[in-house]
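Okay, so subunit A shows up in both of these, paired with subunit B first and subunit C after.
Right after this comes the complex of A and B.
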């Protein structure tokens, strides 16, 4: 990649951290508007119940109460929409029951909002909400996706037979896969659950809405990952307010992990009610509300089979998954277990026949949507568990079996991309490379000796591998559209050069922990040859920037950064014309480097700052050129990007207690070109911790009544620093061949790779002690591991 | 949540039965009870104050005795609502005579919890239930001992 002043590739400290670590970040809840009022929601304590009556009589007379809205008040308003359409195998559109802003008829999950109280203070709103009397008539509950499709199961929506939202398949035909399986010398089969996860962003969801009567304009501050998308969905699809009369601002946001990508009912309700009440209304979720009302992740029940020839070469893969969508569809809900899951079933392997069959199911549980990695961790978990288990079952080495099956290296330029059986065209990859690097970091040759020694000493030591791939850089619009996306997935980048040569960058992506203000500034500083201090990155305000699709799917640098690069190129192009005019040369003879426009082969040059000033004070200026130096570009990628890597976990399992101790964790990630290695490493660390969290600690536990039984940090176990070893991370760089930065994306890699590595390591440890356990349900608590050991023949 | 247990009391089943069916006695011995009013045959409304670690609140609702076979068994139906969630339970209670002057009270039932009570309380609630049960039987024993003393 071209570098001008070497800013790219440096671990520059994050410029945004100054405000974050000094407590000067400005989050939605920090924003207090004149005449501020507060909302509190009455939520269902039942997972499934008919609402017989809602009595607000006592609540409305409580001190400070300004208004109470119930489901009846919003019946005429549309529900929150779903942004992605998945079709049934027969071509029918998925079932898309209304997701109302407030429920009028029946509640469908614990936490479903029944009423909203608006009062002068937060405490008054909460007190009054507790006086809203709701009569419920309890209904039978269904929680598990595989159970919900059975005849006679409770019906979540009257017009969705058997709770089936869609049934969908991808890849080769079932008959082809069945045929290939017949030729298999060995079939590894696994029935397992990929448990439900709760995102637990450190900042709870928070919204603050007001209506400016003078300008007939609404403003919504929201803890979102995608302000423009919220504006579009809320104005056009829910409230029917003209889009230009709505401003959506996503200020500092304390973590999203996918759960803040959704357009939530509360956003629309506050916006709508702010006009009725005539004062700004704010709501910030309490943590216990977040547990039951934030979109959750994963929750698959799966049966998967992988067929091998006797050499260990994969012949076929067959997958049947029941994906729990929750009670309603989230904004990206149906895309996650289909187009972000089924499409990754090729993994890094040359599997010739693949069939993925997914049934999306409604249940009486909180909405399920994207959760860091979104579909790709589920696919990786499936593949990597199968291949490690196959190695154990066939007595093969888990590294060897991978080497046998890897797609050979290709750079996507001299060698073509790799066409998978499941719709994607991989851009570039060197899969052997990351595994080799990982094995060398591990010291694999010695490891098996150590393991045998441990076995002799009565210890259970195990190693687990995960060689993953993900589809990031969401997304080429035409492809996404063909797959059911109801929006384009390009990105906008604006470069506004100020008259003094300072630069303001407007991006349609949104940072909520990723460090865009640093990474993007490095790209700009590098390309324009100006100091980072002269650059400001602005994001998150629908009135400031032309458009934007937000941040998710590891897209910001690959897509958003590329849009900025397009605009930088236009700035330089125009700058050359201005400089050429001033230096009395031809634009074609100008070159730009290190912040200077120079006539090639001469010492005649003019600085970037002088060109900027000339553009705004055009006294000596080309006749055919507009003044100003300000370009907006939209970048629509031609393909997804495909980061990949190798994660290796080493664990020791206590024979007596089943406690898993994670001894080492190695991550070799290939995320393409790297702008800021420290930020990439930070992203990997966070992602790996989250992935380990799923393997060992976390998971939503609903009881048969649909009650979330671990709805607080007393019971929902988040990974902590003292649960984790020092991570050993490194990178391999295989540039993305189709975007100008060569970047692939790093935000989700850790979460995608880590989980199966840890579980595989535990399984390997148990096998080393003679416990031939195929699966233990995540999270791998001491109890579950101990029980699995007791149940297996030693 | 499963509610199961048993307790041996130093009184004949008929004496224990008498206490369990007596509203004023129950109002004295149920832990945290601040109100108990009979609303019909074997039916009561109640207010019970419960404090259990992170979850505490005032529960109000109905208690109903059903399937009564004096003096050997009955089923207690409990429906209690609170701001922190609701509890519904059906508990079968058996009075088993032991060597004439002793009774084993065995109970077995299932409680359905909802709301915060379910989300935050599950881990502590079985412990709380055990504590409350112990308190209840301890109070009942005192009542029985007291009535024995009166007789003497």
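Right after this comes the complex of A and C.
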């Protein structure tokens, strides 16, 4: 084992920021290939309509137009596949209607693509697209998941009765839960909506595809989170072209948030058409297009009940959720409201009986898929709203009721992991610890005094808690497979030591803002005892590296980082043999530290650089050893990782207008070992802002015709810096016991913890003024809060 | 986000702009912060833009005969930072600080804002309560339009097709006048859900205007009558709230329904009156 040279744990400035802050990042839209052409999509203005006729006659004659493709042209091609299978309770496979590259028969959501125009310039493509005449015959529309399953609701797909994609159940039997509920002294029940969210990455989706005829090879530049996955899905499942003749590159990507994890129809179409047109084709979404065609998130309609004994101990939890999948299945679509949601219903609590029942539903809306946190924020929202509300209803303290129900601390090594009622085995945790820390940062006793004073002065001050857990580090392949994943979820890490001792790392994860180039280099620098400047982290090119599963589910460091560590260990092991040979010692007597191989107990040593050179210039070299110093490893985690934490919000509500002012936000997160505290803090800040966005500002508003009525930044409210207080963040560290870095993942924690804390705070504020409101629909706009107060005047 | 093709002409004088305006389907371009977004969404498809942003005679703020004259091409930011404004029309200074962000304030102009007549724009409420007049020039010559007559509908004004706003004339409020502009912002666009401007002289003559509430900004004469000449005590303010927004067709959107917007207008009137009481 090498000793550390101290990079891990330091807030090293992000090495990638030089290119980002100087405008030198290279995004897909920055890439202009020789003879570049441009695509523009004709999209449906209706949520549900039969296509009677598509007339491209006028458009094809427009200046610069090279080709126009419609649904008929791609009818023989497969649709984009779903990567995760969920079964009905009776064992039947979920309904998986075709998601065509272009629609030929009927459109199923506003923004569904009907035709693609390819022209010499972007402007020409757009002008021509406006001349494509589509005759639609409008059909009745359904947008709400709970409505869509009712008899007589409009049918999104002819072969999916009642629009039900699957119905799924997890945990204890309904009868067991019913029995436990009978013993409850109090049942808190809540019917609520977890509204639909739009990811709104700053970089719109962008693709650029070309076909090299001489080498019969396709290249696709794509703003994606997982280039290898795109290559696999597109070549093998959609286009039926040889995988080794496809190169997929995910260059700099300006934010993903889950919505860039999907394999999109446009990727396959451009790739396919680039061969037909014989020139590279580029498409970059306009913002208004992103609003209706990027995969969206959340959108649950839920009824949940939590039963308590009279001391406030949870006896049972019953959950029924209608999960809107949109018009088609996204790549991870059905996994999100099932395996990433139902499995989290234990929360941090010892709830003995849990039943989760989820119906996945098709509607005439944009596809719903992973959105930062993916399933786990929805689960956390449910649990944390219920437990805070139970405290209010039972006249208990929201912190006390949590302390009563927490799973006691366990490190996963000396104490075993915690087996939940809903399939997971928590790795390590100290849940009381994060709440205690949060309460002391808040100054809880003092806060309650202030709140009473505020009430006396006619003000509404409230505090809301959220103690969350999530499952990250997706995922042990065998477990994922058992849960329906159609892929393994290991990760690849290659360490290529160059002859001069410089190191190139290839990772199968993909960075789109997370700072991997810095974090991973810190890990490598310490393990190899070389400066960060000697290390380059390469990601995002299917031709440069063996394979990769990409970045989502806060997996990159825990899984991708662990794969790199495995390869580093192999480098050191081989290095010891080379060094031993040179120093005429036994490999078993060698130790590696601070970038030097030393014969134990002597001062005989050789540097890492010399060993590297020897490996490539093997003049004096062990006879039985191959030259070179380059290892590729695949790391398949043995368990998920389970970060957790405590978020606390303090709000003041304006009695007259209902406007919520967020006064304080405290986040105590336990993400396991931390490599770069600044980057972790940045991830938490971004996530918290996004979580607050869901609570107070954001949400897709579809009208009954399926029109997205807030499809622009004039109407869809993203949180801004001046909406937010200075966040008060800190960490607790409970290392992950089952990966070599002890890291759990920090990418989604903020989004998962923040939302219920804010909503709980508003509810608490209203109760302090005598408004016994159970729920307000998110986002908590001033009007909704005002109406809630009007409706509950005491 | 790609407008249809258009021609562009940079005018160096008002006369040149007027001449260009009379030919074809052309439109004036000032800061472009209302026009360009509309063109990018293809809601507006002029065949030619006449850029008046470089015309020197359309810029600046002056004091003349008891009036402050703001030239039409003056940016929100120039109004924000102007000393005459700070001294004589502090609520114009406040309002300017609430318009958009720095980029918007650096390019957007008061003339463009008035001509555009967005129902949620800020300046209309202020020119109404300040009883400003708007100087315009067209091929037929010059005229002055009273602010009260200027706004005629949703995005519509008394401006003729080929007229240009040259300046806004605002009578300097008498010594001892109090004035305030309060705005409840739409959290997404930051435009006014409700904007309430009040100007009150020391002899208690009061003008009140709302923006964001209806199709176009309006003077609330009923509320004005309640408070003019009276001491602003709790009862008078409550009466003004009752009288306000009477018979007005109040806007409704995703963020604020008609009822809520009406309620907010009254609350903001109360807060404005309390602020100057």
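Everything below uses one rule, namely that the second predicted complex is superposed on the first by the 790 of 794 C-alpha atoms of A that agree within 3 Å, B and C clash if a C-alpha of one lies under 4 Å from a C-alpha of the other, contacts with A are read in each partner's own complex, and residues count from 1 in each chain.
Assume a residue touches a chain if its C-beta (ideal position, glycine included) is under 8 Å from a C-beta of that chain, and two chains touch if they have at least 3 such contacts.
Source: prediction; values computed, not measured.
Colleague: Could you tell me if A:781 is touching subunit B, subunit C, both of them or neither one (first, second, both, neither)?
Modeller: Second partner only.
Colleague: Mind working out whether A:717 is in touch with subunit B, subunit C, both or neither, as first, second, both or neither?
Modeller: second
Colleague: Is A:291 in contact with subunit B, with subunit C, with both, or with neither (first, second, both, neither)?
Modeller: A:291: touches subunit B, not subunit C.
Colleague: Is A:709 in contact with subunit B, with subunit C, with both, or with neither (first, second, both, neither)?
Modeller: both
Colleague: Between subunit B and subunit C, whom does A:110 touch in the aligned arrangement: first, second, both, or neither?
Modeller: first
Colleague: Which touches a greater number of subunit A residues, subunit B or subunit C?
Modeller: Tallying touched residues of subunit A, the top partner is C.
Colleague: Pick one for A:425: touches subunit B only (first), subunit C only (second), both, or neither.
Modeller: The answer is neither, since A:425 touches no partner chain.
Colleague: Take the contacts of subunit A with subunit B and those with subunit C, and give the residues found in both.
Modeller: Touching subunit B and subunit C on subunit A: residues 288, 709-710, 714-715.
Colleague: Enumerate the contact residues on subunit B facing subunit A in the complex.
Modeller: By the definition above, subunit B touches subunit A via 54, 83, 85-86, 112-120, 122-123.
Colleague: Residue numbers of subunit A touching subunit B in their complex, please.
Modeller: 45-46, 110, 130, 288, 291-292, 703, 705, 707-712, 714-715
Colleague: State the interface residues of subunit C toward subunit A in the complex, per the touch definition above.
Modeller: Its residues touching subunit A are 1-2, 4-5, 41, 184, 187-189, 191, 254-257, 260, 263-264, 267.
Colleague: Show which residues of subunit A lie in contact with subunit C when the two form their complex.
Modeller: It comes out as residues 122-123, 126-127, 286-288, 656-657, 659, 697, 701, 709-710, 713-718, 723, 781-783, 786-787.
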